[in-house]
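So that you can tell them apart, the chains are marked A, B, C and D in the order they are listed, and the count of residues begins at 1 in each.
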Amino acid sequence: MGDFPGHALPGVFFFIAGLWWSTKSILKYVCKKHKRTCYLGSQALFQRLEILEGIVLVGMTLIGIIGLQFIAGGPHLTIKKESSWSRLLRWHHLNMYFFFGLLGVANILCSTISSLPVSLTKLMMSNAFLVEAFIFYNHTHGREMLDVFVHQILVLVSFLTGLMAFMEFLIRKNVLLELLRSSFVLLQGSWFWQIGFVLFPPGGGPAWNLLDHDNIMFLTVCFCWHYALAYIVIGANYAFITCVELKIQKVLPSLQTHKTG
Amino acid sequence: MGDFPGHALPGVFFFIAGLWWSTKSILKYVCKKHKRTCYLGSQALFQRLEILEGIVLVGMTLIGIIGLQFIAGGPHLTIKKESSWSRLLRWHHLNMYFFFGLLGVANILCSTISSLPVSLTKLMMSNAFLVEAFIFYNHTHGREMLDVFVHQILVLVSFLTGLMAFMEFLIRKNVLLELLRSSFVLLQGSWFWQIGFVLFPPGGGPAWNLLDHDNIMFLTVCFCWHYALAYIVIGANYAFITCVELKIQKVLPSLQTHKTG
Amino acid sequence: MGDFPGHALPGVFFFIAGLWWSTKSILKYVCKKHKRTCYLGSQALFQRLEILEGIVLVGMTLIGIIGLQFIAGGPHLTIKKESSWSRLLRWHHLNMYFFFGLLGVANILCSTISSLPVSLTKLMMSNAFLVEAFIFYNHTHGREMLDVFVHQILVLVSFLTGLMAFMEFLIRKNVLLELLRSSFVLLQGSWFWQIGFVLFPPGGGPAWNLLDHDNIMFLTVCFCWHYALAYIVIGANYAFITCVELKIQKVLPSLQTHKTG
Amino acid sequence: MGDFPGHALPGVFFFIAGLWWSTKSILKYVCKKHKRTCYLGSQALFQRLEILEGIVLVGMTLIGIIGLQFIAGGPHLTIKKESSWSRLLRWHHLNMYFFFGLLGVANILCSTISSLPVSLTKLMMSNAFLVEAFIFYNHTHGREMLDVFVHQILVLVSFLTGLMAFMEFLIRKNVLLELLRSSFVLLQGSWFWQIGFVLFPPGGGPAWNLLDHDNIMFLTVCFCWHYALAYIVIGANYAFITCVELKIQKVLPSLQTHKTG
């Protein structure tokens, strides 16, 4: 992951995941409010979406693991190479992928086997993010100050996401909690881009001074802007879905009249 | 903010905010207990107060941001100046203002759009204080010991305020939790004054020795006095509102008799 | 407080307080189970006990504050003496007493004024212990390793007590939570004695080596024994009260027959 | 405990405990779902199992304590030996055993005395693990970096187990919370084995370099694999019990027909 695309790619994935989770939460909330128009909110559809989500997650995990292992000088499933560990950081990333894969498996299982407790997915989600925080916490030994700082922020965001998912596991059906968690996921996505820009400036720009404390001061502010951006994205998403839902509500009766007519 | 008025001004604002929030909580609590006399407690009035609160918050945020940007050598919206960051601490303060502005926006939205979850304001309040704590935590690099200590106390108070607001978001209608949060806001207000007196003694008094550990010992005690003061203010407020309410309860029947008579 | 009696005295007070609080919790629990025999559990009696508890707390606080101020070279209400702070550690202790005094005031107010929320006492108790933890945390600058360690343990116990009291404030009528908090208070009481024995060995015994890390290792074990002791005390108390209650239950019917006969 | 068997033994115990607790939780959950076939789930049987569990715990504690005291150069109940503490680390382990013994006592008492609150066992379990975390936290002074790291991980796992048990104490009948706690216990068991392999390589293998930071990086990954293993064990256990239960459900009616026929 030691280049710009290596940070931009997970950034894109987390941003899409955040968008998707916020959309799902808002849809469920809106559907529960207006039961009449809720062909979208039918239990069966949401269940199928969960399975799809799980399959996508598992698929991406498999691609990620295979890619990390065999492409571009990966460890090829060997852990030790001549009495020293081989490519430890790759194994770190692989582990994070694996736990997100477990989340996908939990998604599929919970939607197909009815005897499983439904909050299992929330628990596995909390788990995946907390494991990510744990690994990133032990990831940056011996690096420069600024490098450590941007990864510490990542640990903070992962930890908060995991904590919020755990609270969802305990307190069900709180739409704001779900949106808060989604906003943290969005934040993590855009922060990955920020890390890429700071550590590996694309386009041959001048590198950041990794030892200048003013840069930390600035990134503190910058992090808040990313957070505000995540809020704005979720607010816009909410407004958009509510508007569409109102339009559908107006159109629907006439459609139904056509059908029954 | 590097002078006495720069710390006294936010101190006054937080003190007024704390007073106002405690008054609102007590009024709601008293009104719920004595439903009969509650012309004050009518849902509509409280809603209008919320909108007013939101407008005041947004207005103050705008004034603050414009002031910080363009008055007295502000950065004039530029982030970089000759390859180094320009006036980073101003940008720090500006960010805090911004998140309090978001709280104002949430106040207005929640009172006008009925489909929004009502606890959104609590979440945004928690957010604003936690962001403040995060920024102050990264605010004092390279300063003297005492300077760092008084700001760490500020971080503690902000964090506790944010935590209490988050608990209010989860546990609704607990008047003591609201008063506790208000007392922390009052405490923050009076502590800003204390910081002003310590770092920039007004009236040309002798400066504090920023490296003497005895001063930290004393400020620990001092902080507790501020906390006790916040309690006394809220207790007096509670007694005052309850007394007024009792007076009104006695006068009201005769008034109503007049009207109907 | 810099001598053996200065640590033994608060130890005794905390131990008595822990015993009393555990007795109160167990009595309430047993009375609720066997409603018939509960002349002890009458609401009025418990209310009077609360008022008495409050008066005792306020009285002890006043005695403590006056004693600390005017006896044995106290600061006599002066904070500054010749440009340096006078007797700061005394002011630290005085502050802790003050917040326990506030708990007493809350006890009295909640039992006499019915419009106050009943959980105010729990909040003030949580407060008193958390303030104690905060002050002890800033209390031991520049002391020897072992001295700092025993006070850190005190901070831990105070913090846990405050946290448990705060959880009682949120979750009412959980007898085990109350007993857990009482056990922490007992633990704090006996730990004060331990501090006295470590720092000021009575009877002219040899002083402990404050720089030997083995002593920390031993005190870790020792702390667990104190904790086990607190459990045994509370268990014995529970067994004793349950036995007495069973005896009363057997004797009571015959007494009542006498009366009615 | 300073050898390989000294770490393998507690590892086996914790692994068995984790397996047993997860089995119990799953059995209770499955029995509650299918009330008809639940001869296993009869309240009386579970109560007898609790008593058995308690007796086994108390027995193992006694054996452990006596073993530590009198076998292989134990302290023979003496704390001091010639003005220095004798075998402090043994006393550390002894203390941990003692609190697990208390858990056993609580198990027995709660199952035999009906007036005791049922969640006492959860509280004592939380207690035992938190005390273990506290002791291990103060256990590794002056050791090498890797030695400290593997014990810190142990502190983390113990703390999380204690926290989960405390949450179970507050939130009853959440099967996933119970399984999460069981998975942490399993994790602790397998991690003890890992510690044994790292610090005392059996079979005369080459010792790990205790000062190489790469080893910490690798053990971070390794810890996650242990965690994944714990998940897989619990998942397999769940699948196995559900399958057996389904088989029994099919066989049972015919058996009952035989009996009644």
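Note that in this section a residue touches a chain if its C-beta (ideal position, glycine included) is under 8 Å from a C-beta of that chain, and two chains touch if they have at least 3 such contacts.
A quick note: this is a predicted structure, and the numbers were derived from the prediction, not measured.
*Asks:* Taking all residue numbers used at the chain C/chain D interface, answer same if over half belong to both copies and different if under half do.
*Replies:* Shared-number fraction below one half, so different.
*Asks:* Name the chain whose C-alpha centroid is most distant from the C-alpha centroid of chain A.
*Replies:* Of all the other chains, the one whose centre lies farthest from chain A is C.
*Asks:* If you average the CA atoms of chain C and of chain D, how many Å lie between those two points?
*Replies:* 33
*Asks:* Using the average of all C-alpha atoms in each chain as its centre, how far is it in Å between chain A and chain C?
*Replies:* Comparing mean C-alpha positions, chain C is 47 Å from chain A.
*Asks:* Please output the residue numbers of chain B that touch at least 2 other chains, ranges allowed.
*Replies:* Residues of chain B never touch two or more of the other chains.
*Asks:* Show me the residue ranges of chain A that touch chain B in the complex, using the header's touch definition.
*Replies:* Answer in residue numbers: 33, 167, 171, 174-176, 180, 213-218, 220-221, 223-225, 227-228, 231, 242.
*Asks:* Which positions of chain A touch chain D when the two form their complex?
*Replies:* 79, 84-85, 88-89, 91-92, 95, 98-99, 102, 115, 117, 119-120, 123, 131, 134-135, 138-139, 141-142, 169-170
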